[in-house]
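Next up: the structures, one after another.
In the two assemblies presented below, chain A is common to both, partnered first by chain B and then by chain C.
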Partner chain A sequence: MPGKTNPLIYIVVVLLALLFFYPFWVLFLIAFVPTRFTFGLIYPLQFPLEITLSNIVNSFYQVDLLGPLIRSLEVAFIVGGLALLLGIPAGYGIAKLTTRISNRIIAFLFIINMMPGLVIAIPISLYFYSAHLENTVLGVALAQELVVLPLTVFIIMGGFRSLPRDLENQARVDGAPLSSTFARILLPLVRVPILIAFILSWMTSWDEFTYAFIVAPIVPTDSTFPVALYNYVTRDLPLQSATFALVATIPVIILVVVFQKYLKGQYLSGGLIG
Partner chain B sequence: MDSEFSGNREKRFKITGRHVLYFLFALPAIAYVIGLSIFPAITVVYQSFLVAGKFSLYNYSVLPSYGLYASIENTLIVSVGALLIQLMLALAIAMVMMKPFAGSKIFSSIVIIPFGISTIVSAFIFSLIFTNVGGFANGVLVALGFKPVIWFSSSISDLGVVMFSDFWKNTPLVALILYGGLSSVSPTLYEAASVDGAGALSRFTHITLPAIAPLISIALLVRGVSEFNIFALPLVLIGYHPLILNTLIYENYSTLATRPISYAAATVLLIIIMAYSIFVLKIGGAKQYAR
Partner chain C sequence: MNVKMKYENVYKYYRSSKILNKLDLEIYDGEFLVVLGPSGTGKTTLLRVTVGIEDLTAGKIIMDGVDISKLPPNKRNIAMVFQNYALYPNMTAYQNIAFPLKMARKPRSEIRKKVSEISETLKIAEVLEKNVTLLSGGQKQRVALARALVRDPKIFLLDEPLSNLDARVRVVARTELKKIQKELGHTFVYVTHDQSEAGSLSDRVAILRSGRIEQIGTYEELLDEPSSTWVGDFIGDHPMNFIDGEKFGLPKGTIGFRDSWATIGDGEISGTVELCQLGEESYHIQCSLGSSESVQGTDFVDEDNSSQISASTTDFLRSTVGVRSSKKYAVGERIRFHLEKFNLYDSDGKLIESVKSK
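Presenting the complex of A and B:
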């Protein structure tokens, strides 16, 4: 719409920004302000009168923060890697089928994915128990893979589909075998969708709670960071939890800011937007 | 992007060796998803009908005494409430983002970043905001001259805290979906309507709403299903009182003796989610699959 900006917009903008920013602010206050201004008061101060690093430093000595974070990293990279390993061929293959069939396959994957997480996680953990995958990095990763796979396939398929059809035919006419056409010509052209799929899978795994909680439960030395954080929250350790939450949230904030322009509705809701 | 997904490449189709090959490429991923979701689902449903190795409806007959009806009701209240809150906030964000204003880049970062926040981090922060005595929300209220509120004073207010707290992580996705729909409306349409004398309200109901109606139904499907699945947030904020379906399932799962009860409750949740998906697809999104 042309013309000047309605001043009313700014009121809405400021209110919404405050609403969405406030939880970050609370986390910041708990982590960086001496406890006598936060938990020491009935109504914690809303502004930092004094900044300290001792909450964070002490927490690092008091609880094992690094272990769960490292396990989360391992799990997230396995989930992201496996998503590409399965998702790239699948995205390519599905993109080559007729639109009608490929849309059905994608829709099928997404509908399957609507199964309630807890309902699926419980039997999976029982299977994994007999396969000795319970409480393991690989077990958590294999369970979380289920959550990210449909979206990965969809995003990568979109990338392949947007390539000109002639490209591959020309390479074939020139006598290049399918495998080298794929690796040398097609893959570099879909690197952006592949990267987005990887980042989204990585982030989903990093944040995921339900599967991790059921497959690698409670024991904080065995779990990923969301499960360990849950453990500290229920043990009423707010400072340690805040430190944990802060450290675990910083990488995601960076990722979202850097890749913000790729976070589009039609990517994130998958095949459901035509 | 959109045009690539709309099927105008449709032509007469013959299955060839090449198509089988392409399908084989996709097979591992499809098999993985089926293997790790359909089989577990079947296992749960099957187990729920077994008592000492025999078919029985016993697990279902005792479910009500474990709080089934209340937990279904609570799940529905939380889901519907949370969806409404998220849709309204998301619509406000998407409409604001359509306009040019100073600081729009920073604004969109602020409202989108929570998308990446872990549910458990969000649950932890909101548990600090909403505490009965003191807490940050009451701090704000008192500073503004209001009386502090006892947030966890009844089941309804407990559920209210859960449904509100869910907005932070999940509104960004809805906003992005709706924004995609709004940005596809041609600005000339609004201009033409203005010239014809349509007011802001009538432009909203006659142009904006119809344009984003299909996207609202998609957001309802995507978010609605996850809403029925919320688990970490109620677990941290309200524990097992009042129960929602997921906490009922988990509570009984964690004790070996009541595990069959949790299978029956999980089956109930499965049926509710399937019924909801079919309902939303029928009224809104079905044409997406008709191609």
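Presenting the complex of A and C:
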């Protein structure tokens, strides 16, 4: 039997949860409560006296919500897919090196995440311009790949590293070519790290602003949703922004709820050996 | 006997360390060869270069007259059971066993037939549909063995496959393994550091020391006539006892003898001859001999006193001595040993002659 948990813990948990959920609650109020109870009051009501869908419906008519959302989805899936396409072979390869060397390579990869995004984004955007990648879905995705790839490689490498080396040897002895070894044994065994890497890449891309803004800034309707959201906020459209933000949260919440049992430290630590 | 596999001048270096160092070995068709050696002598490496998951630094491995040392593992047709079994944890027992056949693109009906045959033989038919992570140690070991056996390879390599089992299962598994090998008539190469496994399983035992074969022969041959003092010391439940031959007027050599008649192990040194007691078997008497003064000059005499070897070395007598005798010895009593059989070694520890006295 575990020891009795201090009831104070529960109180703290509830308070923290309230703190974290409050912004979301405000978004909810703005999106679903008639404006006369929110923007219409100096001290907006904190409880929904009345629920309406008209805010959301109107927002969809007034601004282009769907365009940026679809674009964001496209970008996020390309980023996630590309992250796996590059991250799986890279993670496999790095996991085969000695820990000393592989940890250095990983640290080296993370340098990109230590630099301010703008420092990298601006030179990249110049190259993208000459490569006709500016204002394109692929361009944004490629730029964002920079941010997600180190973590992807790290997580997937951890997955491969946690497998006994003899499994692969056994497969070779059993006559399996590398492709079958991968498809039938290695990939199924590292599916959880791969899934996590995909989700994290997807969510990072979904929320990413700097690269998206610099690589695809010009036409707001061609930008991803964070950039579009920025546009609406700066154009003083709080209602649309709130609706937009709420809609944008939904896929993230779904992903987190569905895969929450995998989002644990043991998978994120990348099998680091001290 | 046909030679199934032959190692010629095999070297394997990892950076500067020489794991296999000029190894020569012949394996006969259908034999159960146990490779025995202390840990770190290259036993596992020997299997790994044989199966092809490690490259040779130099030398040749010849199987059925063909040099296979440059072939990839999947072209060698050699099966191996790894020490940790390396079962694919994402598959059922059936899928594990079927995997090599699937890779060989055998038709599904044939795969099913072969898997069910081998699982009958190994008595794992009832666990075939279970995921391998749910199996017991003994079952895992059989599944790994089944996966090796099912594809009908030319030779089987087993890397301490019983070491992960608990003691009781291990003894049963050992008997069964031997039985299966005899029934199927396959060539087994079995690596272990466990002498009792070597003794009970092997047709021949090869002793591996520092990356080369020190001696090869039946377990009894190795026990009786170790080719070097090192083997004599290594093999057997008790290490061989050695005494300096110069004490007996031999030029620079050593006499080694084993507990077929008398044992002198390197027991603790006690101050005086203080203890004589019955051992586990009634005819075994353990005597602690300690004080050199009281026992110096003890004779080693054969039964009919015809040849007498006199030893007065104190080192030798400062040992625990097991003697087969029905007589009880008193503390301080002089003990006479009968050397039924002993070996003479030169100063480099190589066997000169094995002597049997009448």
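Operating definition for what follows: the second predicted complex is superposed on the first by the 257 of 274 C-alpha atoms of A that agree within 3 Å, B and C clash if a C-alpha of one lies under 4 Å from a C-alpha of the other, contacts with A are read in each partner's own complex, and residues count from 1 in each chain.
Everything below uses one rule, namely that contacts are C-beta pairs under 8 Å (C-beta built on N, C-alpha and C of every residue); 3 or more make two chains touch, one makes a residue touch a chain.
Everything quoted here is computed from the prediction, not taken from an experiment.
Taken together through their common chain A, the two structures put chain B and chain C side by side without a clash.
Of the two partner chains placed by the overlay, only chain B lies in contact with A:Pro116; chain C stays clear of it.
After overlaying the two complexes on the shared chain, residue contacts for A:Leu167 are found with chain C alone; chain B is out of touch. Touch criterion not met for A:Gln62: it reaches neither chain B nor chain C.
Across the overlaid pair of complexes, the angle with its corner at the CA centre of chain A and arms to chain B and chain C is 90°, in steps of 10. By the touch criterion defined above, A:Ser54 reaches neither chain B nor chain C. Applying the stated contact rule after C-alpha superposition, one finds that A:Gly87 touches chain B and leaves chain C untouched. The partner of chain A that touches more of its residues, comparing chain B with chain C, is B. No C-alpha atom of chain B lies closer than 5 Å to one of chain C in the superposed arrangement. Across the complex, chain A meets chain B through its residues 1-2, 5-6, 9-10, 12-13, 16-17, 19-24, 26-27, 29-30, 41-46, 86-87, 89-90, 92-94, 96-100, 103-105, 107-109, 111-124, 126-127, 142-143, 145-146, 149-150, 153, 158, 161-162, 203, 206-207, 209-210, 213, 225-227, 229-230, 233-234, 238, 241-242, 245, 248-249, 252-253, 255-257, 260, 263-266, 268-270, 272-274. Interface of chain C with chain A (complex): residues 48, 51-53, 72-74, 78-80, 82, 84, 86, 88-90, 99-100, 103-104, 147, 151. Residue ranges of chain B in contact with chain A, taken from their complex: 1-2, 4-11, 13, 18-19, 21-30, 32-34, 36-41, 43-44, 47, 89, 92-93, 96, 98-101, 103, 106-129, 133-136, 138-140, 142-143, 148, 168, 171, 173, 176-181, 187, 190-191, 215, 218-219, 221-222, 225, 228-229, 231-232, 235-236, 246, 249-250, 253, 262-263, 266-267, 269-270, 273-274, 277, 285, 288-289, 291.
Partner chain C is touched in their complex by these residues of chain A: 164, 166-167, 169-177, 180, 184-185, 188-189.
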